[in-house]
Each structure stands twice: as structure tokens, then as C-alpha cells.
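For clarity, chains are labelled A, B, C and D in written order, and residue numbers in each chain start from 1.
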Amino acid sequence: MISFESDYTEGCIPEILTALNKTNTEQTTGYGLDPHCDNARKLIRKACNAENADVQFLVGGTQANTTVIAAVLKPYQGVLTAVSGHINVHETGAIEATGHKCLALPTDDGKISAKQIENAILAHRNDETYEHIVEPGMIYISWPTETGTLYSKKELTAISRVARKYHVPLFVDGARMGYGLAARNNDLTLADFAKLTDVFYIGGTKVGALFGEAVVIPNKNIAANFRYMIKQKGGMLAKGRLLGIQFEELFKNDRYFKISQNAMEYAEKIADALQEKGYEFRYAPETNQLFPIMTMAKITELRKKFAFHVMEPLDEDHAVIRFVTSWLTKKENVDKLIKAL
Amino acid sequence: MISFESDYTEGCIPEILTALNKTNTEQTTGYGLDPHCDNARKLIRKACNAENADVQFLVGGTQANTTVIAAVLKPYQGVLTAVSGHINVHETGAIEATGHKCLALPTDDGKISAKQIENAILAHRNDETYEHIVEPGMIYISWPTETGTLYSKKELTAISRVARKYHVPLFVDGARMGYGLAARNNDLTLADFAKLTDVFYIGGTKVGALFGEAVVIPNKNIAANFRYMIKQKGGMLAKGRLLGIQFEELFKNDRYFKISQNAMEYAEKIADALQEKGYEFRYAPETNQLFPIMTMAKITELRKKFAFHVMEPLDEDHAVIRFVTSWLTKKENVDKLIKAL
Amino acid sequence: MISFESDYTEGCIPEILTALNKTNTEQTTGYGLDPHCDNARKLIRKACNAENADVQFLVGGTQANTTVIAAVLKPYQGVLTAVSGHINVHETGAIEATGHKCLALPTDDGKISAKQIENAILAHRNDETYEHIVEPGMIYISWPTETGTLYSKKELTAISRVARKYHVPLFVDGARMGYGLAARNNDLTLADFAKLTDVFYIGGTKVGALFGEAVVIPNKNIAANFRYMIKQKGGMLAKGRLLGIQFEELFKNDRYFKISQNAMEYAEKIADALQEKGYEFRYAPETNQLFPIMTMAKITELRKKFAFHVMEPLDEDHAVIRFVTSWLTKKENVDKLIKAL
Amino acid sequence: MISFESDYTEGCIPEILTALNKTNTEQTTGYGLDPHCDNARKLIRKACNAENADVQFLVGGTQANTTVIAAVLKPYQGVLTAVSGHINVHETGAIEATGHKCLALPTDDGKISAKQIENAILAHRNDETYEHIVEPGMIYISWPTETGTLYSKKELTAISRVARKYHVPLFVDGARMGYGLAARNNDLTLADFAKLTDVFYIGGTKVGALFGEAVVIPNKNIAANFRYMIKQKGGMLAKGRLLGIQFEELFKNDRYFKISQNAMEYAEKIADALQEKGYEFRYAPETNQLFPIMTMAKITELRKKFAFHVMEPLDEDHAVIRFVTSWLTKKENVDKLIKAL
């Protein structure tokens, strides 16, 4: 059985294992205050062209989202998000458990527009009963989105402008950021994110690490006292250097970008094959998650050899499925899949 | 510089690194539902003689404490703990952040007694204004405690009886459980904990793993729906197998017990030397954390060669310090320390 | 200026003021444990034909909603509600502030159907990633709804069946219950609510009292320990008898029903006049809140003499407005309004 | 039976009932935005000599404490309080339910000192592991305290200096403020509180009103957006004018001060009689709550004619009891009590 189920089915790039072995008996301070974390911070700041940004390392995505959002919002504020946003759908109410409402905006493709965001902020401000309504206190977007789509530089710039105009911080969930950066049509860089957002994270879990997300915080107000929140929310790893070591390896020699290209090369190959063979897509194929529509017969046939998610039934005969490639996807498996399509 | 600062300054036992290497390209399901986690569950259930207990794996101690306690308490309940309990002192209010009060009981040695606990429960029940007072809804103890002491089997049994008499679940934080089990005067086993408590955890982070705590849940009511809480509190590791693999290695061939003996052998050697040389202890030296009292001059002298924590000044000339040994403590370093004392 | 703005613009029925005067120097125990509260409980139980239901008195609607919902939900559960539900829109995130998500269902008329509720419950249960998704743990409906509409006995019975089939408690927000009960097309009674729901409340604030909501709890599990929650959420009035005295007066001689009829008589008169004059309604005129559509010119004209809310612009020339009648609405003012339409 | 149980056993001053009658059919806006609230604000600002302070009205003490503290603290902060503080003991964990720890300081008389507070703040700042420890983010004191004692102007000024030195806001719970102001040895005024604190409240519930606490907020940062918190915490009374009307009456013609003198006159008379007859006090008799020590025989005898609380057993033969006088305490009842002592 060949799996295209997700981008977290395997371990990590071999360089990380080598580094873990090499550093195993070093004695270091805990909680992310060790030299490996410091070095990783430097590498990331450099990659982001953001000398003054704070960088903190967390273990996973839900933890990162919850810690960041809870650190920023005041008790009567909520976070604007696409209705399909990971925080709104797939985190068992983690945001609400910290006391805050997800203010969900409608979307067809996983993205929300600067206009939608501005309207939501104004709708609150202009309502006579505004004190009775949750105030939008942060903007959350995923890049790539949960449905594999990407905001362009123009779109992100427009959102950033709204964020700054109304003093509502912008947060980008980059759990799959590597794949977005390596995508054919992408025109954004890490430096753009550092310039346009208040806080964002660079996903390791899904892009070559065993685990770990690097939270980059250009906004000084959010950086202050952020480590209290990490500890309180259970995210302060005792052997914090494990995160430092992994991000050191990922950001040496542009590895993070190179391994992401592997995923995108094969995703694009599969997408091209699907298009050629006449399959339609539920969402535009932009990154390493592909959402073609298939007949149930075809799905049953493919499932004999391949593991993948069936996302959503469309009618009695058709469903949306998902193929995911990763930094470790192999050519031979991609070839087999294309042949079987 | 030789460090006796903590038991999480190094990496992990080599068998874990070997296993991570060996399994690195395996494709598995995420979130702790993979074969490695299942196998680790079996090994732990067997070690605890608790066939029906649920076992779940979390990344760290604060996360484990918060998730367990938040899963059990009703909104108007709090958790009984020694005033020195980790949850009451060193987790940045993580329990309160889930809405619950730490009901702190006084202690001199890090332990609380069955009688204290019973009195606290009765004080609430007998108060006319009980509806205005937080109800004790769980008992939290650490074993070993934060000050290195141990409850005996008799003491734990007495607490367990109170817990059952009043239907207030008993939870044991076993972040350093291995060292307690290997201690000279210990008369408790994992099977005892499985029999006497409602939920407890076996610490990996401080006992040979890179990270990870195995939460054992003999009480079915707590086990039900516990995984929702893990996800909500940010503790559900995407590549959950990393926890399974580590606990597989720790519980193969009684490794968990053997590596703990290393720490205890050296802790006892240092404790004996300290006693011989006439040092007094702030807390009885029972496990791998030792709390001798030293003059400031001696502390200054020792700090030239050794790293350790100064815990608490006693007067202008004396302070309590802490030496910690671990599964990786080396004979030569212990000999050097004893020589320097 | 004559106000049709809301049903809480004035004080209370004169009998309440008389009773407050008469009882002013009585000495009673606090916190709702006095003879007046006990007597009001009896009157309400009788009116609900629910001898065994618990009855507790709270000061206002947001407090009642928050206290009830927080008392029932487990930490990983949320509450199903129409997207237009008061808890989802107009309570500044009070439910989320207690840690729980509002699971909003679409609606056109303020109501949700048994089928929608069942589908939401099943969608969660049937999802492979259900542990990553908030579990529906309670059903919240308003009766009358925020848009003035009513569930019929048939509709409520169907919802109740789903609630019991899936063990998801049903909660009815009855802030304006009196007006619903007095409505022309209503076929439900207080006894029906006591039979079909797990908990509901009978609004006093908007129906003749100075303040106060009577929470009726037929479900024993919810009643147990509910008073702890009242205290914690700040709802336990020191001079609790003030609530007892008010509900004693409201439920003597069927006053609650009679005063509601006044509102409904005039609401129906205005609704009939609107219809006759060709105005369309945004929501069907069923209770004491009417939502006709008017031209901006007409709105401007009416506002010279009458106070009312403009709810929602429809296009450049039209908007939805709201007229509200109450237990104190006067015939002469209704006649003036009808004349002006 | 004559009650000295508490100061909330009766209704309110007759002027409030008269005003409720007189205003009953007025039509006003809801939520505290009406002319009565505005007028009461003016009267209170004047009484406090604090033209620029914000004034908001809440229904009760637990609500006031919770709303104020939750509005001020950041998620990782807690509130410093005497261990005997109302928020720490008698509010069913309301503060913790908003996510914050009560940082309890020891006390013998219900008071905490500027030195204790400063030490607690410094202990946190100077701890190497400060990020693992809840930060003191607010100072809560009660005036009078729960045990009837008073801070002097010198003591309050010292606390205020610490608060400002370390930027930790100072909050005074004045549920019984009237009685403190009227106490024989008091040297503080409302103007002092407005000058020395960041936020405090003037209790109505226990001092002449049916219910209601006037929160005075000299600190602009706390005032901003405070009304969102009131709504979220369920404290925004629909017919907010009821609070305005009550505080209008209390602050007309210095009534609040005059009615408090009644309580203090009788409290001091009883205290003097107790002292004369040789009774000892558990806490110094400074305000309207008296805590004499009595034999069980005497308690049994007194209870035949008088209602009062037995607070705390001292030994088999003695207990601390509490007598409370109020704005409505009558001379004849005081004379009877003194005769019976």
C-alpha cells in the first residue's frame, strides 16, 4: 500500500537524525534557552530578513495557534477566520477553550479577502450594540490554506493594509509554509511574511521535521511576555534544544526550501496528469494537497493500492478525494499513481 | 563544567535513537493510533499489571497535568495539592487557565497526608456556605515530590482510601516516577499505582526519553473522551508514533527500571558522602534530587567546577542547593563531586 | 416621542412595587433560600405542571444562558444554536468565555429544525476525525426567537425526540416566553416545555418584572449542583427574595399570562394594519416583535413621532425596522402608530 | 427572633422605593445608558472628587470582583489577595473560572501590608524561573475587610505607592465601604480612594440599596472597553436605570454616609458593651461586623432570641461568633442584645 494520505506519515530528514545522535550527550539548559535554539533563531531571522523579530519554537500546530491567539486577544475579542480555517474546524474548540470566539467568514476556496475582513471590522464598529458583540481582535489565515490554495502577494498585502489600518494584528498559520513557498505560482517569500504580518509560523512537522513549528514574531507587543503563554499552554519543551536542533538542520543550506520542492514537483506532476485525464478539481491545485473529484468506482479501484482520504461526497456517484505529497514522496510511487489514474 | 542541574540536560538512551533511525521511513497513521503506540500501550499495561487501563501519550508534564485535571473537574471544582505542588507553583497558572482553583494544603516535605485531604473535603461539605466555596474534585500528588520525597505504600493506600470514600479521584504526577521506583526505601510498584489511583503518569522526559509522559488511566470514566481533551489542549502529536517508539524502547527489557537505578545509585552515593561530611539536608534525601545546606563560601567554591541550582537562601551565610542525578550520570563526575565536597 | 423600541423600556407591574413596599423591612436569609423564593417556586412548578422540577432565579438573560450552558457542557463540547441565536450574536462571547463553542446552524427565520440538529450530531459522530471536532453537547433554541417567530408543538416535539435519542440536552431561552404563550397561533404551554425540554427559563425582565428569569430544570442531572454555578458566574443575588417576590406576583392569578395578552393584542393589531396597508414583513409576524420593511422616506417620517430600531438596510431605499409591544403598551399609542403608517 | 446575621437581610431605604414608584412608567434606554445612571454618575464623581473617573453600575459583589479582575489581568497574571479575601474564599472560584490564579498572602486580621505585596512582586521578578510562575498583575484588598478591619490612610497610601512603583493596579472591594467611612477610627474618604486606587467600588447591596455596586474607575486604561466585560460576564442589567435610580437616591443629601452612621453607632455600642462585659474579640472591632468569642453555653442561650453566625470553633467550649449591624438596625433590638449579653 502506497500512502498519499498526509504529509506527516513519516519521520524526518536524515540530517536531523544525525544531529540528534551527535548532540545526544551534550548538557544544555532547558526550555529553549540553549545554544541550538539560539542558532536556529539566527538562521530563521536571516531567512526572513527580520533581524529584530522574536522566534519561539513550539511542538505542534494546534498548540501554536492557541498560544498565539490567546496571547493577543483581550477577553472580549475574537479571531476572524475563514469558516474552513483549521482553528474553526479541527482543533476541538481549542480557541474557545481559551475564552475566545472564532468569527467565521464564508469562503469557497479556503481564503478570505481584505474586503471581507474590513467589512467584518466595520460591521462591528458601526453597530449600535457593539458592546454586546465580540470585537474582531485578530486576523487568522492559513498559508497554504486547508484546501491547498494560496494567497498572492497582492492579496496578502491588501489584508495587511486592513490589519494595520484598523490595528487588528495579522497572524499566518504556516503549517505547510514550505510547500507554499515552493509552489509554481507563488510570489511570496519569508521576508514578505515578516514584513506584512504581526506573527506567523513556519511549519516543521509537515515539512521535514519530527515535530516543531517556528513562530516568528515581528510585532514587539506580541513578543513581550510570549514565553509565559508558551509555558502556561503546555508548549514549553523541557529539552527545548530538540526544536533548536531540528530547525538548525532545516535552515542550513536552504534545506527547508529544497525538500519542499520535492513535494511540489510531484504534486504538480500528479495535478497535470489528473487534468490531462479530465478529472475536475474541487479546489484549484496550487500546493501539495490535491482535491480531485472521482467516481466511487474509481475510488474503490484506487484504494486497492493507494491510501488517501475521501473528503466529501458530492452525489451518489462522486466524491472529492485528497492526495498529499511530501518532502519524502518518491518518484516511483508517483509514477504508479499516475498510471493507475 | 560538570552539571548536576537537572535530569533533563541531555538527550535520550541510545536505543531510542536507533529505533528512530530504523523506523524513519515507515508510513503510519498520526495522532497516537499507530502500531508503535499500540505496542507501547501493551508493554505499559503489562508493567502495571493493568490489562484494562487506558494509556495515552503526551509530550510533557505541564501538558499532562493540565489535560488530566481539566478532563476530570467540573467547573465549580478545584484540585487538592500540596502548596509546593508543581501545578501550584511552576506551571504559570495552567490549571487556573482551564478555570480551576488549586486548593493548596500546607506541607513541610512536599507531601500531604490522607488526614489533611479528608479534613479539606469535610471542611467543604460541612460548611453552611458550601455553594460559595470551590469543591475539592480531585487529589493531586507528585511521586516523587518536587522536593525529592516519597509516599510509602501505607501512605498512598491511606490517601487512596480517602479518595474512594469521598469519590474524589486520585491523580499521581510521576514525572520522575522511575527514580522513585528505584529508590532504596521505596515499597511501591507500578502495579500499586494502577490499583490505588484513578490516573497517573510515568515520566519519560526526565527518565531516558527525548520527551514524553505515559498517562495510565485505570478509571474508565476518566478514560472516556480523554482524547478530545488531548487534542483541545494541544497535546495530540501529529507523528504520535514518536511517543510510541520511545516508550516501546523504555519498556523493553525493563530498561526504564534499569536506567533509573543508575541515577539512584549515584544519588545515594552522593547523599551518603554528604551525610558523612556532616552536611544537613533541607529535605530527606530519598530520590535523585538532593537538597543539602551549604555555606555561601562552599557554594562559590563548588560552582567553579559544577553546575547546580541554589534553591533558597536560609540566612546570610547558608543556602539550600540542589544536586540532581539522572539515568546518564557518570561515575567519574560523581567521584569528582564527592571529592570536592 | 412614543417608544416601540423594546419591551424593557419601563419598570414593572404595580403589584410588584406594592409587594416590595410591603416586604421591605422583613428579615430574610439571602441567596434565594427565603420563603418568597420557595413560594414562587411552588407557583411556577404548578404553572408548569412539574412537581419535581427545580426552579432557580437569575437576574438576566445573558447570565441565565451562560450559567445553564456552562453547567451542562463538558470541556470539549459546544452548543448547537441558530446562527441568529442570542448567545451567538449578542452576548459578547459569553459562552466562549466559559470555554465553549457556539455551533451555529443556518436559519432564515430564527428557527432550526429537528432534522438540522440531527444532521449536525451525526456529522460529528460519523467523522473519522471526530476527536478533532467539538462535540455537540446541548441544543439551544429561543422561544420566541430573536426574530419573533415560534416553534409549534409539533416542531418542538420533533426536536425533543432528537435530543433524547442522542442524549443531547435541550435548553429553551424563554426571555419573551409570555408573549409566545399568548400568541394567536401558539399551541404550546408551560407544561409542554417542562415535558419536552431539559431546562428552560421564563423571562421576567421583558414581561412585567423589574428584572429576573426563572430557570426551570426538569432534568435532575442539570439541577444537581446548579447553585454552585450560579454563585461562580456572579448570578446569586444577595437579597434573593427580590426575585422570589417578583415571580410570586407574576404567577399569582395568572398575571403572567394576562399581561402578555396585552402585548399580543396590540402587536396583532399593528401587524394586521401593516398587512392591510401593503407592507411586507422580513419575518412572519407571530409575537410582540414585528419586522416590517419600509422605505427610507417612511422611516424618516415615522421617526419624528415614534422611537423604534432600524434593523437592517435592504437596499438604498428600503430597510427592515422593528416595532415591539409590551405588557404596558397603551391603546392610544397603538392607534397613533396605525394612523401614521 | 431578632437578626444580627448580616447587613443584607432587609430591603432598602424608603427613598429608593419611592423613586422606583415615581419612575415606573418612564420609558428609557437600557443597559445603563439612561439619564438616571448619568445623574448617579455625576453624584458619585462629585462625592469622590474625581471628575474624570468612569463609573459603571453592577448588580452584586462577586460580579463586580470578577468583571474588574478579568478586565485587567493578562492571561498569565494573577491577583494578589489576603488568603482570607472574599475572592479567594467565598466566590466558588469565580476568578479562577476566568483563567486567573488568586495569589494568596497570609494574614491574621484580614489585611495585607505594602511590604508583603512588594515582596511578592519582587519574589516573582527575581526568580530565575519567572516565566514558569504566575505574574502578580493586580492587588485586591477589601475595605472594610471580611473580618471587619480597616486599612488606615497611611497603610493604603503605602500600598498605593507599591502599586504605582511596580505598575500593578490596585483594586479595592468596597462592598461595605459605607460602614468603613463611618467608622470611629477611619481617616479615609471617597476622594482618597479615587486618588490612591486604580479602581474600587462603593457597595450598595449591603448599604441601603436593594442591590447594586458602583464601580469607580480612575484609571483610564481600565475604563476603556470595560462595558464589553460587563456584558460578557452577565452583569449588564437590561433595565440599567434601576441601578441609576438607587445610586441617585443613596448619594442625594449625603444619605449614603448618614445611613452608614446608623450601623456604626450601634456596632460601636455593642462592641463597647461586649468589652465592658469582658468578652474578647477574634478581630479588632472596627466596623459593623463584630467577632466576639463566646462560650457554647452563652451561644445557645443567645440563639433563643437572636440570629447570628457562628464563624469558627476555637475549642470545645468556645467559638467565634459574628454580630452584624446595618443601616436599618433598630435601637430597641440593640438594647435587647446588650441586655442579653
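Methods note: a contact is a pair of C-beta atoms (placed from the backbone, for glycine too) under 8 Å apart; a residue touches a chain by one contact, two chains touch by 3 or more.
Note that the coordinates shown come from a computational prediction; the quantities given were computed from them, not determined experimentally.
**Q** Report the chain whose CA-based centre is farthest from the CA-based centre of chain D.
**A** A
**Q** Count the C-beta pairs in contact for B-C and for B-D, then report the pair with the higher count.
**A** Of B-C and B-D, more C-beta pairs in contact link B-D.
**Q** Counting only Cα atoms for the centres, state how far chain C is from chain D in Å.
**A** Here chain C and chain D have centroids separated by 33 Å.
**Q** At what distance in angstrom does the C-alpha mean of chain C lie from that of chain B?
**A** 50
**Q** State, to the nearest whole Å, the distance from the C-alpha centre of chain B to the C-alpha centre of chain D.
**A** One centre to the other, that is 42 Å.
**Q** Which residues of chain C are in contact with two or more other chains?
**A** If we look for residues of chain C contacting two or more partner chains, we find 75-76, 91-93, 97-99, 131-132, 228, 231-232, 236.
**Q** For the complex, which residues does chain A have touching chain D?
**A** Residues in contact with chain D: 31, 70-71, 74-76, 98-99, 131-132, 135, 225, 227-229, 231-232, 236.
**Q** For the complex, which residues does chain C have touching chain A?
**A** For this pair, the touching residues of chain C are 75-76, 78, 89-93, 96-102, 104, 129, 131-134.
**Q** In the complex, go through chain B and note every residue touching chain A.
**A** Against chain A, the touching part of chain B is residues 3, 5-6, 8-12, 14, 17, 20-21, 23-30, 59-63, 66-67, 91-94, 97-98, 205-206, 210-211, 228, 231-239, 242, 307, 328.
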